[in-house]
Amino acid sequence: MKKLLEGLLAFQTGYFDLNRELFEELSQGQSPRILFITCSDSRIDPNLITQAQVGELFVIRNAGNIIPPYGATNGGEGASIEYAIQALNIEQVIVCGHSHCGAMKGLLKLQALADEMPLVYNWLKQAEATRKLVKDNYSDLQGEELIEITVAENILNQLDNLQTYPIIRSRLHKGSISIHGWIYRIETGEVLSYDPVLHDFVPPQSRISTIEPEYNLHPSCSVPGLST
Amino acid sequence: MKKLLEGLLAFQTGYFDLNRELFEELSQGQSPRILFITCSDSRIDPNLITQAQVGELFVIRNAGNIIPPYGATNGGEGASIEYAIQALNIEQVIVCGHSHCGAMKGLLKLQALADEMPLVYNWLKQAEATRKLVKDNYSDLQGEELIEITVAENILNQLDNLQTYPIIRSRLHKGSISIHGWIYRIETGEVLSYDPVLHDFVPPQSRISTIEPEYNLHPSCSVPGLST
Amino acid sequence: MKKLLEGLLAFQTGYFDLNRELFEELSQGQSPRILFITCSDSRIDPNLITQAQVGELFVIRNAGNIIPPYGATNGGEGASIEYAIQALNIEQVIVCGHSHCGAMKGLLKLQALADEMPLVYNWLKQAEATRKLVKDNYSDLQGEELIEITVAENILNQLDNLQTYPIIRSRLHKGSISIHGWIYRIETGEVLSYDPVLHDFVPPQSRISTIEPEYNLHPSCSVPGLST
Amino acid sequence: MKKLLEGLLAFQTGYFDLNRELFEELSQGQSPRILFITCSDSRIDPNLITQAQVGELFVIRNAGNIIPPYGATNGGEGASIEYAIQALNIEQVIVCGHSHCGAMKGLLKLQALADEMPLVYNWLKQAEATRKLVKDNYSDLQGEELIEITVAENILNQLDNLQTYPIIRSRLHKGSISIHGWIYRIETGEVLSYDPVLHDFVPPQSRISTIEPEYNLHPSCSVPGLST
Amino acid sequence: MKKLLEGLLAFQTGYFDLNRELFEELSQGQSPRILFITCSDSRIDPNLITQAQVGELFVIRNAGNIIPPYGATNGGEGASIEYAIQALNIEQVIVCGHSHCGAMKGLLKLQALADEMPLVYNWLKQAEATRKLVKDNYSDLQGEELIEITVAENILNQLDNLQTYPIIRSRLHKGSISIHGWIYRIETGEVLSYDPVLHDFVPPQSRISTIEPEYNLHPSCSVPGLST
Amino acid sequence: MKKLLEGLLAFQTGYFDLNRELFEELSQGQSPRILFITCSDSRIDPNLITQAQVGELFVIRNAGNIIPPYGATNGGEGASIEYAIQALNIEQVIVCGHSHCGAMKGLLKLQALADEMPLVYNWLKQAEATRKLVKDNYSDLQGEELIEITVAENILNQLDNLQTYPIIRSRLHKGSISIHGWIYRIETGEVLSYDPVLHDFVPPQSRISTIEPEYNLHPSCSVPGLST
C-alpha cells in the first residue's frame, strides 16, 4: 500500500505535471473512441498494450471479459455498454481476451468451483455457451491447447452476445458501429484479431486496409412485400 | 482504429521488448496485491495514476464504480471480487470514484434516463441508497458541489456494500483484508482517501503511518455466554 | 365449447380411425424433424400451412414468437428448445412470424400497454432490440409498412437470440443444425424465408437447391497459435 | 426441409385457395374463442384433434404444458395468457396434457437432467408442486401408471396456477371465464376432461349439458360487515 | 427505548419466573400447532388475540400478510412456510388480515407509492391479483367499504397462492393440512373466518363443529385409465 | 383449532373488553415506536418479552430473522422495513435473534437441506455471509457453542445488511434512526444487546445511559474540496 501511495505522488509530480493541459481539457468531458472490454486480470493494461492516451479508452473489466446476453444479468456490463454507445457515441468495440486466463481455466473445471467460489461459479455459467461448444467440439484437445481454444471461442461468444443488446443491434443495422475480437498473448505481447472472413484470429496489422466495419451481420434488410 | 493498431505494434517493439522477462514471468501466473474497483470512464488509467506495474492491479471497471450489495445483481462484479480475494488472496481493496463522473450526474437526474438509456437507468437504481441519502440530506447543495458530494457518498455506499459479500465479511473478521475509498480528481491529478476516523476524504500521504487495516468494522466478537 | 367437444368426437371417429396405425406408432415415441417456433395467433396452424403430418413438428408458441436471449427469461422457451435439440436431436429450426401480428403492433406502441397489460408489456420488452432498431432506422415508415418491417426485423432478432443458447451454438459450430426465419402472410397464404446472402425474405421455393445449413455463422475457427 | 417447402406450396394451391375468403377475413383480425395451452410434443395437433378451424384456437405451447404461478417466470406464458383474455376476451381456457409426455417422464427423474439439460431441469422445477405431490402420495405406483398420474396431477396443478394470474382471478370472480383440464391420449385419440365434482378425468361428451363455467372457485364473496 | 428495556426486566422477573418450567421445556425444542401468517401492523398481537401460549404459534409477518405464489419471490415467506410444514409438521395454517390495513390502503392507490416507497410499491405488486379483482369487480364501492372488501379478497388471494407451494399442495392432497382465512377487526376485537361453503367470512365459533379440513380443494383424484 | 377459537372468544370478552378504549383509538391508526425483526420461532412472543402494549411494535418475522441486503430479494422484508421507517417514521430498529434457533442450526448443515427443503435451503443462502464467516473463523467450535456464535454473528450480519437499504442509510446519515442487535435466550428469559464499542453482546440494562443512536456508522461526511 505504501508503494501505491508513493506512486500516486510520483504520478502527480511527474506525468500529470507534464500533461497538465490534457487533464485540464479532460476535466471538461470525455470523448473516448473505443469501448474496450477485457478481463480483470492484472497482467492486462489496456492503455499500455494499445499505447492509448488517457481519455481514449472507455473500459469494462470483469473476470473473463464476459458480456452475458441482453437481459441475462443486471450487473454493470450492459449499462456500461449502453452508456458508451448511446451517451458517448463510441463506434468501435473491442472484446479483448488473453492467454492463460484464470476465468477460462475455471470454466473448464466448472463444477469444482461450486462450493468454494459460488459467485465465480454462477458467473462462469454465463459462459455456458462457450463451455458446451468446447466440450462438444474439441474433446480431443487438452492442456494449453484446450485453454487457448476456450479463450478464442469465448471471445466469439461475447461478440454474438453483444449483438443481442438493443443499442448495438440498432447501430450495427445503421452501419455506425463495428465490433472486434482480440486475443492478447501475455508471453509474446502480440494481439490477434478475429477475422470473420477467414474465421480465424490473425495479426491485426494484416487487416489495416480492410474496409470497416468488419463485423456487420445484417446490413439493412428489405422486405419483399415493401419493394414491390 | 488504425492508430490503435499502430499502438499495438509500438507496445510490442517498445515496452514489451524492454520488459520481456517481466512478461515471461507473468505468463506463469499473476499475483496482484490490489483489487482496484473504478469507473469505466476513459479519463481514469489505474496503472498510470498509481504508477503500478503490470501485474499489480486486479481491476474491475463499470459505469459509476458501483458494487451492488451481495445477491442484488448477477453481473461480473461479485464474481470478480470473489476471485480476487478467494483465489488470488488479495488483501487490499480500493474503490476509486472520480470527479465529474457521468454516472453520478446521471444518478442525480435518474428519471430522465428511463426511456433513452434503460440499462443505465436500471443499473443506477443499484445506487439508490446514494441517491436517496444525497436527496434527503444535501437538499441545499447544487451543481458541482452536489456532484462532488454524490461521488463521495457513493464511494462510502460501495464500501458498505462490499461488506455484505461473504468472502469480504469473513476476511474483515479475520483482520486479513482492508478496504479503502478513493476519489481521483481529474483536474488536479490528486487522490483523496476516506479516513473513517475523521469521517472525511483526505490526502492519503497523511495516512501512510496509520496502522492497517483501516476499515475493519467488527473485530472478532465474543459472545458473553461463552466466556463465562 | 359444445362445438369443440363435437370436434373431438369427429376427430376420433374420422381422422384417428383412418390413421390408427400412425397413432399407434407415435404412442411409442416422437421423432419430429422440425422445431417450429411461432406466434400464439389463432390464424396460424403450423401443421396446416406446412401440410406436415402429426409427429413432424415440435412446436413452441407464444405471443410474438419471441425467443429471448439465453438467460434472459426462465419461461418455457429455452427449455423447449433445449429439449427439442438435445433430447430429440432436431436439426432444423424455424422461427415463423406472420403479417398483422398483434404482438408486433403492441411493440410499436409499447408504453400504452404498461397499465392495462403489464405482463404483455414486460414480455415485449424482451423484444426491445427489435423495437429500438425499428425506431432508430425506419423512422420514415408508417402503418402497414412499419408493421411489416417490424415483423421481419423481429424474426431476424430471434434468429440471433437463438444463437446465444449453448446447445444451438454448439450444434451450429458442428454444422449439425440450421436455423430459418419465415414470414407467413395470412392474406396470401404464402411464406417467405430469410436469405442471409440476399439479406432479404424471399419465397423459399427459390432456395430449395441451396446447400444447407443456410445459417451457420461460425464454421469451426482455428486458432493460429495452434496450427503453427 | 424439402418436403416442408413442398407442403407450403401444396397448402397455398390447395386449402388456402379453397378458403380464400376465410383468410381474407382473418387478415382483418382474429377472434378466437379458446385459449389452448398444450405441450410442444409433435404428436399433438390442437386444430386436428378438436377439428377447429383456423382462427378458433389461440395456442400456447411449451414442454410439459406448464404454466408457472403468476410472477414465477418471465417467459411468454403469462403474457400470452394476458393477451388472450384481456385483449382478445377469450372466455374458455383449456390446459391439455397428454399421455407419454416426455416432460413428465423427465419430471420423475429430475436430478438426472441437471447436467445434460440444465434449462429443461430448471423449467421442470416449475412443476415441483406436481413432482412432490406425486412422490409423496403415489409412492406405490410405477411405470406407465406413475406417468399417467403425473400427467393428470400436473394438469390440475396448472389449473390452480392459472388462478394466480390477476386477469384470470378477476374474470373467474366475475364468472366470465371457465378453465378446463384435458388429457389427450395419443394411442386412442380420446380426450378426457377434468370434472371438479367427480374429482376425476372423464369423457367430456358426458359433460356437455353441464352448466358452465365448470371451474369457478370463488363466486363473488360478500363480506358480512358490509351487508349488515 | 428505555421503556422497552424496563419491559425486558419486568418480563424476566415476572412472567418468565412464574413459567420457568415452560421455558425450560421450550428450550429443548418447539412444537407449534399453528402457522400464523399476519400483517406487520403493530395493532395485531397474534398471541394476545388467540390467547395462545408461548410455543403454540409459528408466525410469519410482513406488510399486508401477502404470500406471493410459489416461485414469485425469494424472500423469507416461502422458506418459513416450508419449514413450518415440512420440518415442524404443522397442520393448521391461518392467514389473518385485519381491518384498516395500511398495506391494503396502499394497494388501492398503488401508483402514488412508486416514487416515495419503491420497495412497498414492488411488494404490493405481488398482490396485483387482489388489486385487479377489486378494481374490475367492485368499481361501485368507496372508502371503508372498498378497503374492507380489499382486505377480504386479499386473504382469499393468499389462500389460493398458498396452494401453489409444493409442500402445501402435497399435504392438501393427503388431507393432512387445512388452511384458514381470518379477518381481525381492530375496533371490535372479533375475528371472522372464511367459510368456503358460504363463500363468506363468518364468526368462527359458528363453525367449530365443521369437519376439518375445511379447505381441501382436490381430494385424491383417480385417473380413469388406471381404474379400468 | 378448537382451543384457538375459544381463545378468540376469551380475548374478546376479556382483554379487549377491559381495553376497549385503547382498541378504539388504535382503529384510528397505528404509531408504533419500534420495528421489531425476529424469527418465526413459536417460542418468541415479542410483546410478551418486551412487555410492550398492542400498538407499540411493528413486527417482521421470518425463519432466522434474516434481512437480505438491499436488492437481493423481493419478499416482504424490504417493503415492511421501508413502510415502517418511511411511512410510520419509526426510529428504533431491533433485530432479535434467539438461542436454539432452528434456522441457524440449518445454516450449519446447509447442504443437507437442498433436497428436502429447497426453499429453506435457498433462503438460508441469503445468510451465506454468516455461514462463511463462522466456517472460516470458528472452526474450533462445536455443538452449542457453535450455534451460539452463529446466532450472534448472524445478527451482526443483518445489522450490516440493514444499512444497505436506502431509507435506513439516509436516516442513519441524518442521525434519526438507531439499530440494535438482540439475542433472546429462551432458557433464561434474558436479552443481550450488541454493544458496538465493546464488540460484544451485553445485558442492555447496562447501556440505558448510553447516548443514542448507538449504531451510526457514518456521521455526515464532509468532502475536503468543498470546505476549502
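Points to keep in mind about this one:
Letters A, B, C, D, E and F mark the chains in the order given here, with residues in each chain numbered from 1 onward.
Keep in mind that, in the parts below, a contact is a pair of C-beta atoms (placed from the backbone, for glycine too) under 8 Å apart; a residue touches a chain by one contact, two chains touch by 3 or more.
Fair warning: this is a prediction, and the values are worked out from it, not measured in the lab.
Hopping across touching chains, the smallest step count from chain B to chain D is 3.
For the copy pair chain E and chain F, the superposing rotation over Cα atoms measures out at 180 degrees to the nearest 5. A centroid comparison over C-alpha atoms places F as the chain most distant from chain C.
Over half of the residue numbers found at the chain B and chain F interface occur in both copies, marking it as a same-residue contact. Legend: contact pairs of E-F compared by residue number with C-D, B-F or A-C; the interface matching in over half of them is C-D. Averaging C-alpha coordinates per chain places the centre of chain B 44 Å away from that of chain C.
Mean C-alpha position of chain C lies 51 Å from that of chain F. Counting partner chains per residue, chain A shows two or more touched chains at residues 68, 73, 118, 126, 128, 165.
With the ring opened at chain E and read toward chain F, the chains come in the order E, F, B, A, C, D.
Touching chain D in their complex are the following residues of chain C: 1-2, 4-12, 14-17, 23-24, 26-27, 29-30, 32, 34, 40-45, 47-52, 54-64, 66, 68, 73-84, 86-87, 92, 99-100, 102-103, 106, 116-120, 122-124, 126, 165, 178, 186-191, 204-205, 208, 212.
On chain F, the positions that touch chain B within their shared complex are 68-73, 126, 128-129, 131-133, 135-137, 145, 148-149, 152-153, 156-157, 160-161, 163-167, 169-170, 173-174, 183, 185, 192, 194, 199-202, 217-226.
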